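So that you can tell them apart, the chains are marked A, B, C and D in the order they are listed, and the count of residues begins at 1 in each.
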Amino acid sequence: MNAWKEFNKGIIKENPVLVALLGLCPVLAVTTTVINGLGMGLATTFVLLGSNIVISVMGKFIPSKVRIPCYIVIIASFVTIVDLLIQAFSPALNKSLGIFIPLIVVNCIILGRAEAFASRNKLWHSILDALGMGIGFTLALFLLSAIREILGSGAIFNIAITGNISPILIFVLPPGAFAALGFIIAIVIYFTKKSAEKNKGAK
Amino acid sequence: MENTKLIVSYPPYTKSKDSIEKVMYTVVFALLPAVVAAVYFFGLRALALIFVCSISAIGFEYLINVFRKQEIACFDGSALVTGILLALNLPSNLPYWMAVLGSFVAIVVVKQLFGGLGFNVFNPALAARVFLLISFPVAMTIWPIPFSVDMQTAASPLGILKTEGLKAANSITLWQAFIGNVGGSLGETSALALLLGSVILFWKKYITWIIPVSFVGATLAFTGIFHYMEPLKYASPAFHFTCGGLLLGALFMATDMVTTPVSKRGQLIFGLGCGLLTGIIRLFGGYPEGVSFAILIMNAFVPLLDKWDNYSNGKKWRLTKMRSVIVLTCIGFFSAFLLYMTDNITKEPIKKAIERVKVEALRQIFPFEFSDKDINIAFDKNGKEFFEIKNKDNSLRGIAVETSSDKGYGGEITILVAVSPDGKVFNYNVLSHKETPGLGNKIENEAFKKQFNGKTLDGFNWKVKKDDGFVDELTAATISSRAATDAVKKGLEVISNKYFVENKK
Amino acid sequence: MKTFKCGGIHPDENKFTRHLSIETMPMPKLLAVPLIQHIGKPAALIVKLGEQVKKGQCIANADGFISASIHSPTSGKIKKIENHPHSGGKFVKTVFIESDGREEWAEGLNTDEIDFKKLSLEEKLKRIKDAGIVGMGGAGFPTHVKLSPPKDKKIDTLILNGAECEPYLTADHRLMLEKTDEILKGLSIIASFFPDGLKIYIGIENNKPDAIKLMNEKASPLGFEVVVLKPLYPQGGEKQLINAITKRTVGNGQLPFDVGCMVNNVATAYAVYEAVCKNKPLIERVLTVSGMAIKNKKNIKAPIGTMFSDIVDYCGGIASRTMNLLISGGPMMGKAQYSFDVPVIKTTSGILFIDEIKLAEKKERPCLRCGRCEEACSVNLKPWLLSNLAQKDVERTLEYGLNQCMECGSCAFVCPSKRDLVHWIKYAKVMNANIKAIGATERQ
Amino acid sequence: MKEVLLVMVSAIFINNVIFARFLGICPYMGVSKRISTASGMGMAVTFVMTFATAITFILNKFVLIPFHIEYLQTIMFILVIASLVQIVEIALKKISPALYQALGIFLPLITTNCAILGVAILSIQNEYSFFISVLFAFCSGLGFCLAIIIFSGIRERIEDADIPECFKNIPIALITAGILAMAFMGFSGLVK
């Protein structure tokens, strides 16, 4: 499998959030502002990268019977590392992400990638896959948080842009998160279905 | 006889004259008294709003029909009913673009996305009203007073009850509220018009009598019990009957056929549930008007009410062996060691980071510059932390303390208040609060904070203007402003007890 | 005025032919007598092609316990025996008889009236069975089977069904006015089958005041009580009539004799009288020809087997070119026909010619969950649920009481979205019957 | 007594695990196709959540804090939850096969459920006493149960509605959850 295809499948074709619909908890909770979204995305990418590397290296030794708990422990350790690093170097991000950093452990994307990919492929490919998936996840977070911030609090990167028109506050609150994500996924499905038809038509 | 083509179709061949159009246009007819009352009390702006809502509702449904290549069904009256009902739920001075946004949510999101007429689970007009209430809290909670020419605004009776308590609310005579001469949304105010309109619906049997009766009954019973127990604290059931959206909700919103249970039993439970929830939200909840939330929540229960299915059992599941537990523990130890290493590296940075946050907050609230070294932390008898800022010659330049008040709208508000050595407030900084965004969180703005600058504990009446104090509260956020004032006052008291009492002694 | 407890609707009655007395139709040239005119197994043919038969001669014997024998309505030659369209919608083996115009009765039949009290019970039952009498209300259940219920069931109430709640139809009404004594005699014959001390009622809806007055005068001396009923569809149904008059409810899975009642139609009583007293088989019946699209509406007494096309000619032909609906029976429970050459059978209570029904009005709209069909259902079912389940998961409709439904059409009548509830319920019944049949064949 | 009521009402209605805290969305979306499976999942989550919080509380109080190894919190908790699920599943098989039949299928799903771990960490952060944190966990479980049963009722009803093609199952489920969250916001501010 050539490296490039491995990398960009995570971003568009098999985007973990918008296509595979994994890890919706942090996606909904954290994307009130773009900075939070990007912070969470990068943290998850770091954990994904680390766990993919370790698991692809140690893939052979772990008995298949108990591989899920082992993966969880490895991922948990990476998550704690990230948690401590964020607390140390950017307390503001830590306050806003709050409980969702420890919850990266149970984020289905990481466990999914580890289970489906990392344990079976070579180191180089699983690194690429981790990066692809991580960037896809961050992209999805960025998209959702941009929409929610612009509509919800009339600002981008905390700088007010909509002037005197009062922003639609519901997008900053939970109901807005659900609805916004619902619409984005619907649009993604709409386009993937349309392009699929075009390809079928073309073939 | 030979050339007549016969059509074979299903019995029965004669059908009642009833049709969706007839049902919907009768509901529109039943809403006319309320529309006339609204225009009478709130002027032509109300008529314009109703017009805008209805046209945009029908327009959106037309677009959806065209977009999804369905045959055009937007004139069957259901879109018109949704438009008028939505308009009756809005204040008459609502900007038009918000009304159109409401129609968009009602028709496109809540109704068509769920499959169009007959399949939507939530009442479109109601969901749109709640959407607008949450999205634009300021615009949706200011109600123009009837007959007012230049749109003076005041809180609705329920709003007054919620913020000012019963004493103020009783100033509104029940008769005025009944005929509608009181602040509120277009349709809510005039209970008389609503009852008049609903007579035709009951007579033609287009709505069941079970839901309105059980709904209003449960609300009055609930509020009645609490009124009986504490007449001074809780308003009388008659007040709850005439004010707020109870009648509009019970007669027109909760009886929408599509989003309510089909069976009689289900309708009874639905009505009682709505009544109970309205009572709870009105007496204890944050929002003054509970009807729309109550109906939306009960709409969610409708599928369950209709479906008492027996519980189907699950399938078998496998067991895992002992060996795996051993491997699991050794992996655990390996990662424990890894974490011990990282914790050592990051222990100091974390302590420093917390420290920096505190200093950062202090720097914001003191008008003068100071370096980290000048800060010294003192404790009073019960362990309360004080930040003292020292001058070069070790004399006191300012004191800061962290205090909180739990009377905030959404719960606890903690602030860091800075005071000068002679007891004058410099400034304060809100550390954490759960006030509603857009309303309560304005206590963080400079405009509100400036009022406390230079004030002392006894030289300033620490109350909001409404409670005849000096602080002018934020519009539509009285509770939050009162809580913020209370927190600052507490800070001053704690500092004065520690420093000034000791100096005086 | 009494009526049944739950459900029921008020379709506009359109009883245009209530004032027209019954006209006897001349014998048409060709008669088509199908072998299934009742509930139960088809009758077994006993005549051959080309055979000469006399009027009232038995041409097919009852085959098995629930069946009824069929008789030739006229004297003539058997022209052909073939599968021919039947008003029930299927192709059925039909005997074509060409009448020779002599109207010669077979011997021993059509005698002048004898007193039924002298005959023994077995004798009376044999005459009813031989005459092929079936329920004329529309079901067509063989009467001789009905009159011999299982031994353990005690019958204490006999009801004569003069409700005729279907719109347009006035056959029973006219029969009650013109043949009152014969009907009462027939009722006494039926009553004689049961132990005395039997309470006897005659249920007539309030929209037939003349019939009520006449029946009162004639019936009260005989000890029969006339009950005036509030006009409500489907009061003509057995369960509804029993509930209206005796307040007893026939639960699901039960039959009338489980609650000690027996219901008979007015026309059946008249046919019983003619069979027992005059030894006349059931070869003709009274039916209403009505509807906007027929030139002149009539109540006619037509021989069994008369083609609808002959009746149209007798009644002056089709009035409007845009007629596209021909119904055998009432508008609520009748069946639309796809051709005119369909014969009248023992259970045809009326023929309707409806002017162009607006197709747009028939289009099915989404269900508003208004619950009106539930209120209208007289056997307490949930038609909206049954029709939804029929399209999704047919077997589960049995759990929600599919077999209690008598397809009276009240639910589809009231539905504001014009949904085809009755169609889906019929579809579910057929599917479940097939599934059961497949299940049965696999078990063997 | 007032505090108990406070915690219960806030856990079930106000800060509902799904609508306000966004914990446990994956199983919420995945398992709520039919009411029977949804109620099974709800009960299983409540069952495990209560046990997990009890055990993690003890673990935190008597192991993590005395030895100052709070940084191991995430690891220990996730291990506890994973092993707890296996133990519960074995115990369930022995004690009541009927209950096992009902909940069995959902136990493996729970190990990767953020709600369990989230509630355990939340009860630690809120510094509740032992009884209150177990009550908090139980009520959060009930909140999850309430939310998922209502949600599956709605999804089952709109299953055969002609929803636009690209909005079928997940997107329409998310929008329904959005409206439900909006309705539940009515309870905000209920508890002062």
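Following the convention adopted for this analysis, contacts are C-beta pairs under 8 Å (C-beta built on N, C-alpha and C of every residue); 3 or more make two chains touch, one makes a residue touch a chain.
What you see is a predicted model, and the numbers here were worked out from it, not measured in a lab.
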Comparison of B-C and A-B by number of C-beta pairs in contact, larger one: B-C
Identity of the chain that, by mean CA position, is farthest from chain D: C
Chain centre separation (chain C, chain D; CA means) in Å: 62
Separation of mean Cα positions, chain C and chain B [Å, integer]: 63
Between chain B and chain A, distance of the C-alpha-averaged centres to the nearest whole Å: 31
Centroid distance [mean C-alpha coordinates] between chain C and chain A, Å: 71
Sites on chain A at which at least two other chains make contact: 69, 73, 76-77, 80, 84, 170, 173, 175, 179
Numbers and ranges of chain C residues touching at least 2 other chains: none
Per-residue multi-chain contacts in chain D, two or more chains: 71-72, 75, 79, 83, 164, 167, 172, 175, 179, 182, 185
Contact footprint of chain D on chain A as seen in their complex: 21-26, 28-29, 68-69, 72-73, 76-77, 79-80, 83-84, 99, 102-103, 105-108, 111, 170, 173-179, 181-183, 185-187, 189-190, 193
Partner chain A, residues of chain D touching it in the complex: 19-26, 29, 71-75, 78-79, 82-83, 111-114, 117-118, 121-122, 125, 164-167, 170-175, 177-179, 181-182, 185
Complex interface listing, chain B residues touching chain A: 101, 109, 131, 134-139, 320-321, 323-325, 327-328, 331-332, 335, 338-339, 342-343, 346, 349-350, 353-354, 356-357, 437-438
Chain D to chain B touching residues, read off their complex: 35-37, 39-40, 69, 71-72, 75, 79, 83, 86, 89-90, 93, 98, 100-108, 149-150, 153-154, 156-158, 161-164, 167, 172, 175-176, 179-180, 182-192
Complex interface listing, chain B residues touching chain D: 68, 109-110, 113-116, 119, 121-122, 127, 130-131, 134, 277, 280-281, 284-287, 290, 292-294, 296-297, 299-304, 306-307, 309, 311-317, 319-320, 325, 328, 332, 335-336, 339-340, 342-343, 406-407, 409-411, 436
